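We just call them A, B and C in the order they show up, numbering each chain from 1.
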Amino acid sequence: MSLTEIVTPYLPGLLSGFLMTLWLSAAVILVSTPLALLLALLRDSHNFWLRLPATVYVTIFRMVPALIVLFFAFYALPQLGLRLKPVTAAILGMVAVGAAYMSEDIRGGLQAIDRGQWKAARALGLSHAHTLRRIILPQALPLVVPPYMTRAIIMMKGTSLASMVAVGDLTAEAVRASSITYQPFIFIILAGAVYLAISAALVIFQHWAEARLKPAPMARRRV
Amino acid sequence: MTFRSLAAALSFTVALAIPVTGALAQDATTFAEAIGAPKPIESYPKPWPLANLVTPGKLTIGTTGASPPRTFVDPVSGKLTGSYVDLFTKIATDLGLEAEFVKIEWPGILPGLAAGRFDMACDGASMTTARLASKDFLMTAPTGVNATVGLALKSSGIKDFKSAKSIGGVRGEVYFEGAKKALPGVAATEFPGLPESMMGLQNGQVELIAMNLSNALNALQSAPNKEELVLIGPALEVFAQALCVNAKEPDLLVATNLLLGNYRADGTLKAIIGKYATSTAEVDMLDKIGY
Amino acid sequence: MGLPKILLWIFGGCHRRPGRPGRPLMSGWRTAVRSRLRSPVALDFSILAVVWPALLRGALVTIELTFLVLLFATPAGVGVALLARARVRGVRRAVMVASWVMRGVPPLLVLFLMFFGLPVIGYRVSPLPSAVMAMTLYMAFYFGEVFRAGLDSVPDGQWRAAKALGLSPARTLFRIILPQTIPAALPPYISHATEVLKGTALAASVAVPELTSAAKQVFVVTYRPFEILIAAAAIYALIDAVFIGVQALGERWARRRRPAR
């Protein structure tokens, strides 16, 4: 049997798996981002009671393997009466973990901005939200992009775990095809190449974003 | 001995002379008289010289450990157990080898065998045209008969395959693949293993799971939620099942087939299956398909 | 026939399973409402008294796997970092491409490839070593990045100075350069080490009986995922805590060393 003969019957399945992987990645990254920003801000808050839960949350979810969290979302939540579809459970689990890691990346960028700027903005009578939105975030953004994109790629690769909680993503479809055709390599290598292509696309996006954000510090210097 | 064979030869010539109807019966008795009660084959090499074992001195077996009653892990002792675990261990012992089990989910079993990870695998793999034609592994003589059935929760009110709105099963298994083909358009959820799909059923994530009859009967008898389960039939497909052997080890296939014949003849196979299941019908039915 | 008896013993008719709507445990609206508000199934951690040996065994395999991967991936990471700075451009390119591939593909697929691939190319190793090799392979590139940053933190002049003093390159590396990279490399190194620990959960899919697979194995037969997963998570956190302790000690040690330089 030639290679194409083996692969062709599974192409529709692999395509739907690919789309599922894209959908999972997009959903996980996009939902995690605002949550991560919120967590990062809470962790740097002056209020102990805001800081504490955020710190506990981030610590716990960074200590436990993502797979355990996914199992928890899919298999254990029904024990509490919360029944989720496989995809929903997978997204929930991966967002819970991803946001914790991502918040650390964002926090690193925020902390690099001199605390004096907060005080200066306050002295100028700017509100907290205004300071954050117009002064701190624009400066932190170029610093945050590289670790943020690295994290996004890790999260994209991490969606392969969803195959273990009954989601038909790219890995799952490749594994299924291997299982039926007894081909240990073809489908795994094919899937690997597709993941590599997605991560390459993300890297290109990262370079583009970094290039676009570069003029910002210069503009600031001119002010 | 000489007298017996002489007598046999004599009666054989006599038998040829008498009318045909009586001849067959006469033949059988004289043949039986001639050789006595046949015994399982004992004259095989011990230990059997197997040239291509994955690890010399060991019989490496791939199993899911997730398909009771044939292969499962005792939650307390953590030990792999089950009827096919016993069967593989017996085969290994009779070949003068040590059985070594490698536990991996079903989607890894046949590719693993094809890649040369194991000497043997499959806790009764259903014989299909594609599998028998495959150059990636060999299949032994049948060890049982099995069928694709479903399990549902009584509370769902599902009575047959057609009334299920969502089905689940094990990724890549023939039962689930067959059920998906038989029920096109029904939402299908693929679990990595059987116990996960049972949990998915219990958690209401799927309405029906397609599985083999042996697993289903075991679940009805010993699953934690057994009172809530209902068997869904009639069977979608019926299969003869066998063990799988590494394609590079035809000597192991010959050895295993010989041993399986012995186990079938002396009741070992039936006893092993009966130790873990209430019914040995899966073995008894082998009579009907010529084994 | 062990399992049914054990299950009977575990469940003994005392548990209500995950509640489905419309099946209140007791009659009466009050209990019905209460059972909706509270968790539908009473959490009962006594199940752990039964399954702990399985979890313990899994935890030991997890520790073994983590240790072995760190043991091999750390020097491999130093090697990658040094090769990434090699004078020959082809070598640098090759390391860059390999690093990009290994960091762009899900670890799960690397594990699968190693598991199925090794026997095909004639290496007959059991699941644990093949998982160690796969994880070493991709972690080496992550560690490589860490050590590269560490090496960058040491001025290049020191190599030349050591050479002028007549020290061999190996001696320079081990006695002069590497010790100085520790303050810069230690925190990211430890954070990647905890990634190794958490990454071992994936080894379940290539037949390594580690903690996550042990947990799954017992929760799918006992139908008590909540309690068992919490316990498994706690064990991971405990092992993680050891790493964090090592990091704190290491940082203190590095701080104390710094004035001496």
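Quick notes on this one:
The working rule: a residue touches a chain if its C-beta (ideal position, glycine included) is under 8 Å from a C-beta of that chain, and two chains touch if they have at least 3 such contacts.
Everything quoted here is computed from the prediction, not taken from an experiment.
Each chain's centre was taken as the mean of its CA atoms, and the one lying most distant from subunit C is B.
Chain closest to the overall centre, judged by the mean of its C-alpha atoms against the mean of all protein C-alpha atoms: C.
Computed from the mean C-alpha positions, the centre of subunit A lies at a distance of 45 Å from the centre of subunit B. Separating the centre of subunit A from that of subunit C, both taken as means of CA atoms, is a distance of 19 Å. Centre to centre, using the average C-alpha position, subunit B and subunit C are separated by 37 Å. The residues of subunit A that reach two or more other chains are 75, 78, 163-164, 175, 184-185, listed in rising order.
Shared contact sites, meaning residues of subunit B that touch two or more other chains, fall at 108, 111-112, 115, 196, 199, 202-204.
Counting only residues that touch two or more partner chains, subunit C has 18, 112, 116-117, 120, 205, 216, 219-220, 225. For subunit B in complex with subunit C, the touching residues are 54-55, 62, 65-66, 68, 72-78, 81, 102-105, 108, 111-112, 115-117, 155, 193, 195-196, 198-199, 202-204, 221-225, 228, 275-276.
Subunit C makes touch with subunit A in their complex at residues 18-19, 36, 39-41, 43, 101, 103-109, 112-113, 116-117, 120, 194, 197-202, 204-205, 212, 215-216, 219-220, 224-226, 229, 232-233, 236-237, 240-241.
Interface of subunit B with subunit A (complex): residues 106-115, 134, 136-137, 168, 171-172, 177, 189-192, 196-197, 199-200, 202-205.
By the touch criterion given at the top, residues 60, 62-68, 71-72, 75-76, 78-81, 153, 157-158, 160-161, 163-164, 171, 175, 184-185, 188-189, 191-192, 195-196, 199-200, 203 of subunit A touch subunit C in their complex.
Within the complex, the subunit A residues that touch subunit B are 74-75, 78, 83-86, 163-164, 166, 168, 172, 175-176, 178-180, 182-185.
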